[in-house]
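Accompanying notes for the structure given below.
Per-chain residue numbering starts at 1, and chain names A, B, C and D are given in the order in which the chains are listed.
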Amino acid sequence: MGKLFAIVVTVIAIVSATLFALHVWWLPVDISAHGARIDRQLNETMVAAGVLFVVAQLALAWFAWRYGAGPSSRGVKTFPGGATPMVVLAVVLVGFEILTLTFVGSKVWAGIYQSPADPNSLQVEVQAEQFAFYFRYAGPDGRFGAMHPELANDATDNFFGLDPANDTTARDDIVVATLTIPVNRPILLQLHAKDVNHAFYVPELRIQQDFVPGMVIPLHFTATQTGKYEIVCTQLCGLGHYNMRAYVEVIAPDQFDQWLKQKAEQQ
Amino acid sequence: MTAIGSVAQPSRQGPAQTGVLIGIATIAMSFAALTSALVVRQAASSDWQHFRLPTILYLNTLALITSSGTLEIARRKASRGAGLPWLSLTLGLGLVFVLGQILAWQDLAAQGLFLATSPSSAFFYVFTAWHGVHVLGGVAALSYVGYRMAGGPSGRALPTALGAGALYWHFMAALWICLLAILALRI
Amino acid sequence: MKRSRTLWWGGVAVIATLPLGSAALSAPVPPPAAGTISGKATYTGTPPKMKPIDMAKEPNCVTQHPTPVMTENVVTEPGNTLRWVVVYIAAADTAAPAATETVRYDQKGCQYLPHVAVMRVNQPLDIYNDDPHSHNIHPLARVNPEWNKSQPKGAPPIHATWEQPEFIPVKCNIHPWMHGYFVVLRTPHYSVTGEDGSFSLAGLPPGTYTVTAWHEQFGTQRQDVTVGSGETKTVSFVFTARPY
Amino acid sequence: MSEIATPRSFLRTHVFSVDHKVIGKQYLDLALVAVFTGMLLSWLMRFHLAWPETPVPGLGTVAPSGAAGGVMTPEFYLSLMTMHGTIMVFFVLTTAPFAGFGNYFLPIQVGASDMAFPRINMMSFWVTLVAFLVLISAFFVPEGAPLSGWTAYAPLSAVGKDAGPGQGLGQTLWVVSILIFCVAQLLGALNFIVTTLDLRTKGMSLARMPLSTWAWFITSVIGLIAFAVLMPATILLLLDRVAGTSFFIPAGLVISDRLQPHSGGSPLLWQHLFWFFGHPEVYIAILPGFGIVSHILPVFARKPLLGPRVFIACLIAIAFLSYTVWGHHMFLSGMNPFSATLFSIPTLVITIPATIVTLLWIGTVYGARLRFTSAALFCLGFISVFVSGGISGFFLAQPSIDTYLHGTYFVVGHFHFVMGVAAMFGIFAATYFWFPKMYGRMMSETLGKWHFWLTFIGVYCVFMPMHYLGLAGNVRRYSAFTDDYLKPLIPLHRFITVAALFTGAVQLIFLFNVIRSRLRGAPAPANPWQGTTLEWSTSSPPPHDNFGGPPPAVHRGPQEYGAPGAVDHIMQAAP
């Protein structure tokens, strides 16, 4: 029985670890400036944790195999040195690992969330509402119109509650359902929610941030590769949470200017 | 945790004492949670409407403090079997305190400050209601002790029950003083 | 005891048949010829510019519309006429037989078809989902009880009826641009303006009526019209449009 | 407390009994009903995720509005998820290992004839039952059960029925149920602490208490403070919902095209209050499992646990640290990013006592003479699964990696391994180990072993792939996978669903074993496993006052196994 347990645990440990190591299911391509540092941090932790995982499972399996109550009724043995090697092993091994991971990790985190945005980054306002994202560009006048929640009316495409009648800056604002951004240019998103908690998550951009109603949360990143990627919501927001999706289209800068001009005429 | 050091024998005051101490820790923790909620909520937005606390609160505080005093006297006299009148005085003062709190509510309502009017009034009602509920719990416990005192065979358990009840009651008074300070500072 | 009870029921049956008999006996007066009220709903001023709906979130809706669909809150037609204007007789017509045929309300290509569905009180309504993905129907009723149901792909139609007359906006939470209206009326005399912006209310016994015209963005207008027997009255409603 | 009149009527002895043993069994029966309800919900959820369009036979009739024609609507799926989470966390993982086994065995193990306040103890069970019934009734109200998850984040949970189906009466019932549960839990914890501190028998010093008693004692201390914070939080949420206050709802929210009449509230305040309770709650779920494994493993290893004092110190360290880490649930929630670094440090530091405890178990298996009964196998399974779950916690503790993994199935895999499986293995081990003492009958060991092997392999097949899904960015709490990048992951979801259905079915072996053994199990001796603690020095099942007379004095520690000189073990109560 102990031997069977040892075999099962060993098989589980080996199979799980290999599936992790072979990257059978792994992160999608990284197209973000800060993405590489997150991937490195993840890989380092994966290696460290993988080793700890396999060693611990194999130790358990080996002891279960070796120390079953067999016919040779030899006496029980305590672990050499008692509990102290356990404490020392845990404090040194895990403690050291924690120190490095925390120290390196905090620099990566600070680079994304604690550093201010690049001054000349492209400003886009993102509104999350029950079950769709909408993006607003400042338009030719470069200024965002004021938002009035009581005027918000999805039927008339007035998602942001703008008041074009007597707010001239709002007239030229461009409201679209796809985040179109130029490649290799820092982007600063201003996230605000219209109703409940939502989240902005683009796996390829290695970026995620919750929307909190009543707050405007800045989020900045730089896309380094063109293409069309999915934005999904990771904070439970109601029955359409699974379908709350938009696309981010990263295009060349000149195409972006041309797209912006074309959208401005439609206003 | 009074008994954590002592070895085998159950502690002299008995489980009631330890039970009340733990109850006190729990109630204090729940008020700590409410206070932190108050602080965070006040910082969350600028709609905090300051208002003057109704003066009756200070009379209520006086009633509660004197009821602690009369309870101490009741405890000393209980061993000679003469504690009952003082205990009933304590209960009376406790009820006066609760009625006073309700009057404070009406005073607030008269000013148009209801539960949902502003976060400050909301927290005032929540603090006073949550404390009032626990004071009523204390009144119920002490009246049960009084009923057993009046019922004749005082038995060994009575002084400990009265002692535990007194400990809880004094905590109610001390807690109210802290809450009053918090409310006075913040609202 | 049993015998007297049968007597009693026999008597009641006789009395009950009397009014039927008497109705049949009265001389057959020819029913008055029905009048009709018809006309057009037009607007003055510059209407708001309709924008193409951005359905990027739902790719199989984008593929269903080769040319992008425009928003439908103010649908203007040639000759300054307005579509989706509901014209109806305000007074409730209680004598009319209850409506029985089912109103069909369809969700196709992430759009509500028809944009405005008019029905009568307690008339059965079937909501279908003909899209290859799920929709969520949320009639924002205030007078009637409000409900909010999802309808996955291939789910059976949702049956609903409304007890009170009301203009109920309908939205789909999963596709926020989807908007429609359930207009629940007590009268069978109603008509919705089509592409040419015209409406016609037929089968009206002679009399004076207050005719109401409702548009989701430009509000409601009323006119009193008297109709003789067999007469056709033309009425027109002019709404003032504002660009924003 | 010393002389308890032995009640006679059936009502007093089996239903409204103040005997901690009856109350413990009542808690375990409630947990049994709750776990099979929760498991049924997880079956429906897993089946929907794998085959969304295939109608489930009979579901259409059971839930006509939620799953017309057997095809589940998204809000019905989310209501199942919310109820699955709430039932499992509160009514199974807090009730069974802590309130169930704790109530039954803590008094006996410390040598008391009953809990300090028997009537309050009885009340705590019936209040828990009321809380469970109020929660279940949310299924049967018009709009159905709430869909804001077991975390019930405001404003989705606080605004009311505008926020979606189930957020009206269903969510109010959920909040009231949790409020009632807090009352029950506080009363229970009060009893545990006072009994442990004041009612220990002569010679039972704190150092001589069995490790399971230590675990229940420390869990009740954590529970006291955690539930004392959750209670006012639920009251504030209830006021937001029904009284129009704005503790958690900010101004200017437009929900279902209606401007909400609230202003100034802070949704983050709810998250802080909830998670200040939430993280200690997960330790309330796992620490009894620690105690149970450390109590049972030595009995079958025939040697004492390696470093019991170190183990107790680790329990205390975990208890203290559990109040400093709640922010790691909120790295990306919009709170100040600096506090994310602040919270990640204690989160990683708390892995040290957890690692020490795991190493102590593995060290105990070293040099043992292991008898592989079902209880022992479940203890070994507990260690293996706790290692897997704990290690995936490494990733989530670092804010930089959490940027990618937060809200994905990696988190689901992590907390299911640690709470959903390890804590359940603790409950299984405790059941197989203490069943003879509780019911006076032996459970079938063969059925027990079948149950272990199939479950052990099954849970790895269900929850390890969730880590792979998480790495691929599969977002959790989705009722359907319509995103393009999720489509290639559907085969893995189908594998998980098949494994989940299989592992769930295997639990019926356990249910059959429990019910059959209660009725026709072989009569159990007083000490079937040759344990040494006080519960084994009284009859099975123990008499009404546990020891048939004054509790015996205790003369030595709880784990005198394999003592030098041929005697195999020495009972704690042996003079």
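Basically, a residue touches a chain if its C-beta (ideal position, glycine included) is under 8 Å from a C-beta of that chain, and two chains touch if they have at least 3 such contacts.
Just so we're clear, the structure is a prediction, and the values are computed from it rather than from any experiment.
Chemist: Count of steps on the shortest touching-chain route from chain A to chain B?
Modeler: Between chain A and chain B, the shortest chain-hopping route counts 2.
Chemist: Closest chain to the protein CA centroid?
Modeler: If we average C-alpha coordinates per chain, D lands closest to the whole-structure average.
Chemist: Could you see whether A-D or C-D has the larger number of C-beta contact pairs?
Modeler: A-D
Chemist: What is the distance, in whole Å, between the centres of chain A and chain D, each centre taken as the mean of its C-alpha atoms?
Modeler: The mean C-alpha positions of chain A and chain D differ by 29 Å.
Chemist: Roughly how many whole angstrom separate the Cα centroids of chain C and chain D?
Modeler: Between these chains, centre-to-centre, one finds 55 Å.
Chemist: Provide the C-alpha centroid distance between chain B and chain D, rounded to the nearest whole angstrom.
Modeler: Chain centroid spacing, chain B to chain D, equals 34 Å.
Chemist: Using mean CA coordinates as chain centres, what's the gap between chain A and chain C in Å?
Modeler: Distance between chain centres, rounded to whole Å: 48 Å.
Chemist: Can you tell me which residues of chain A touch two or more of the remaining chains?
Modeler: 129-130, 154, 214, 238-240, 243, 245
Chemist: Taking each residue of chain C in turn, which ones touch at least two of the other chains?
Modeler: Residue numbers touching two or more other chains: 133-134, 136, 150, 169, 171, 173.
Chemist: Scan chain D for residues touching two or more other chains and write them down.
Modeler: Within chain D, residues 73-75, 164-165, 250-251, 256-257, 265-266, 268, 480, 482 contact more than one other chain.
Chemist: Applying that definition of touch, give me each pair of chains that meets it.
Modeler: Taking the chains two at a time, the touching pairs are A-C, A-D, B-D, C-D.
Chemist: Report the residues of chain B in contact with chain D in the complex, numbered from low to high.
Modeler: Interface residues on the chain B side: 1, 3-4, 7-11, 14-15, 18-19, 22-23, 25-27, 29-34, 36-37, 40-41, 44-48, 115-116, 119, 122, 126, 130.
Chemist: Sort out for me which residues of chain C touch chain D in the complex.
Modeler: Residue list for chain C touching chain D: 133-134, 136, 138, 140, 146-156, 158, 169, 171, 173.
Chemist: Would you pull the chain C residues touching chain A in the complex into a rising list?
Modeler: For chain C paired with chain A, touching residues are 48, 51-58, 71-73, 133-134, 136, 150, 169, 171, 173-177, 179, 216-217, 242, 244.
Chemist: Give the list of chain D residues in touch with chain B in this complex.
Modeler: 1, 116-117, 186, 189-190, 193-195, 197-206, 224-225, 228-229, 231-233, 235-236, 239, 243-247, 250-251, 263-266, 268-269, 272-273, 276
Chemist: Would you mind writing out the residues of chain D in touch with chain A in their complex?
Modeler: 73-75, 78, 147-149, 151, 153, 155-156, 159, 163-165, 249-257, 259, 265-268, 301-303, 306-307, 310, 332-334, 337-338, 340-341, 344-345, 348-349, 351-353, 355-356, 358-360, 362-372, 377, 380, 383-384, 387-388, 391-392, 394-395, 398-401, 403-404, 406-408, 449, 453, 456-457, 460, 464, 467-469, 471-473, 475-485, 489, 492, 561-562
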